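What follows is a set of structures to go through.
What follows is a pair of complexes built around chain A, which joins chain B in one and chain C in the other.
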Partner chain A sequence: MNHIIDNLELIIFLILMSVGYTFGRYNEKRHFKSILEREQTLRTLLMFSERRPPPQNGPVDCALVAGSCVVAFDYFKNFVAGLRNLFGGRLSGYELLLERARREAILRMKQEAADLGATMIINVKIETSSISGEKKKAIGAVEVMAYGTALTPRTS
Partner chain B sequence: MVTGSTVRAKHAGKDILAGFKNIFGGELKAYTELMQEAREEATQRMIAQAEAIGATAVINVRFATSSITTGAAELFVYGTAVILKEVNVGA
Partner chain C sequence: MNYENPQLPEGINYSTSHPLKELMILLAGATVIVVVLALAISLAAGWLATKIPFATEQRWVKSFVEQLPETEKAPRHQAAQLRLQAMVDRVAQLQDLPADMKPTLHIINDTQLNAFATLGGHVFITCGLLKKLPNENALVAVLAHEVAHVKHRDPLVALGRGVAVMLALGTLSGLGDGSAVGRQLQGAGLLTALSFSRDQERAADDTLLHTLTGWYGYTEGAADLFDVLANESAKHEPPVFMSTHPATAERIAQMQAALTPGARVPLPAEIVAYAQATVDECAATATDNNVD
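On to the complex of A and B.
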């Protein structure tokens, strides 16, 4: 019994690690699957970082569209990234997480534009910020926001 | 130039839930919602300011976000207010 209490911290740590690993992996897989599906359906909606619409474009209506997504690091990724910080190198776990957030934010923006009947989004900007604060026990999360100008062809 | 900004925070319960989410990973729906609300409010404020000076459109709009403390975020939006005028092209 004493043995278990002595190792309680280690046991909790291992539980958190495995929970983080399994749920993190599962969430990531499911999310990527849904991202791929929705990207397929919104493929016809063009997106440019160009500031002006193509010159041959006819009269259009403009609207500001935006999409955002906040994602959190899981326990396992946090720990692995902490280790990786000692040796340096790519933090592939974080890279994947940011890619997820970015693609999700873009999809949400595209969805908003598609609801307006737009055919094109120009001047797209993507912004990333962390919402973790300075405290050590703070929540490790990043916010990604994508915004741009949706162009809807004028029918009249 | 016109600006609009808002600082927002979720209640502590949501913050605790977000802390749990940090073990599992994944999207923080509450915070996404929070940012969306903040974005709408900031945009509304900017539009109100543009209307007050008689502008009919705001162009080159940009967003900026920054975290102040845990659970609170500032959203700042700015753009150029213009008055649109009818122009006869080619006349």
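On to the complex of A and C.
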């Protein structure tokens, strides 16, 4: 019993690590599956970073569409990233997380455009900002925002 | 111009390597760094610690020593204390301790078998050990071993190493974010402060053998203490002395190799009587406590 109390901090650490790992992995798998499905359904809605509409386009209605996604780091990823700080190299845990956030933000933007009946989004831009800012002990979370101009063909 | 969004292959922006594999590689690397760093800092701090004057070391522990319970005024205790202090003084003389380095002996009322040297030249021995010692040669061996630690500044070196390693690991763990891990690392640093290294023990034993030769002209009885301890650990839980003094077999071999025969001298009568009486009293109080 004393042994457990002496090592309580280590035990808590190990529990947090395994919780972070298990839930992080589970969420990641589920999220990726959902991203791939929705990307397929919204594939016909084209998206470009070009500022002007294609010249062959007929008359269109323009609308601003945006999608944003906030993701938090789990304990496991934070710990691995902390170790990675010693050696340098790819922060693969964070890379994967940001990839998910980017694609989710784009999907939400596309969904908004699809609801408007748009066929194309132009001038697409993606912005990332850290919610915790420079503070060390704040919540580790990142917001990714995608926005662009949705073009809906005029029906009249 | 043709406008299209081609289907891009997966895995361009992220790696598919397993996160646990990455964790293992990073942990192994970090462990190597920590071990190498701790070793280097420990050696450097140990070397620096010996540069601290003995007077400074004594000043550090002064307040602590003043807080020690004023050991009994009983004449029996005083007599044993004086007798043992005289033996320590003679051991110090035989070991050529510097003039300002004067070891002080304290007797602890405890049935455990233990003897140790700490900062400021304070040497402690328990009544339990005094009672179990078979002869004077073994007593001189114990005192000589502990005084040798004082001579070599071992307590200070151990403390210096421990504190330096603790600080270094504490700083390093600040880089990672798990504070629990940091505490564990600091604990590991503290642990090194509490024990002497194998080399320190070997050097103290060397000095012990020289002292015995200087005292009696032979080293017979130097390893008697270990027989006592071995008997005790066979009977019940290992004595504390064993855990603070590792690699006993190696040390017995070292002493056997340097053995020069001679006669064992019986313990001084007042010390035998004192140890017997005190241990009996301790045992009596312990039984009382058990009744409660």
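The working rule: the second predicted complex is superposed on the first by the 153 of 156 C-alpha atoms of A that agree within 3 Å, B and C clash if a C-alpha of one lies under 4 Å from a C-alpha of the other, contacts with A are read in each partner's own complex, and residues count from 1 in each chain.
Just so it is clear, contacts are C-beta pairs under 8 Å (C-beta built on N, C-alpha and C of every residue); 3 or more make two chains touch, one makes a residue touch a chain.
Please read all numbers here as calculations on a predicted model, not as lab measurements.
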Partner chain(s) touched by A:E104 [first = chain B, second = chain C, both, neither]: first
First (chain B), second (chain C), both or neither touched by A:R84: second
Contacts of A:E112 with chain B and chain C, given as first, second, both or neither: neither
Chain B versus chain C as contact partner of A:F73, first or second or both or neither: first
Touching partner for A:E95 - first (chain B), second (chain C), both, neither: second
Contacts of A:I12 with chain B and chain C, given as first, second, both or neither: second
Shared chain A contacts, counted only where both chain B and chain C touch the same residue: 76-78
Residues of chain A touching chain B in the complex: 16, 19-20, 23-24, 27-28, 31, 64, 66, 68-78, 97, 104, 125, 127, 129-133, 135, 138-141, 143, 145, 147
Complex interface listing, chain B residues touching chain A: 15, 18-19, 21-28, 31-32, 35-36, 39, 43, 61-67, 69-71, 73
In the complex with chain C, residue positions of chain A that touch it: 9-10, 12-13, 21, 25, 43, 46-48, 54-55, 76-80, 82-87, 90, 92-93, 95-96, 98-99, 102, 120
Residues of chain C defined as touching chain A within the complex: 1, 3-5, 7, 13-15, 17, 19-20, 22-23, 26-27, 29-30, 33, 175-181, 183-184
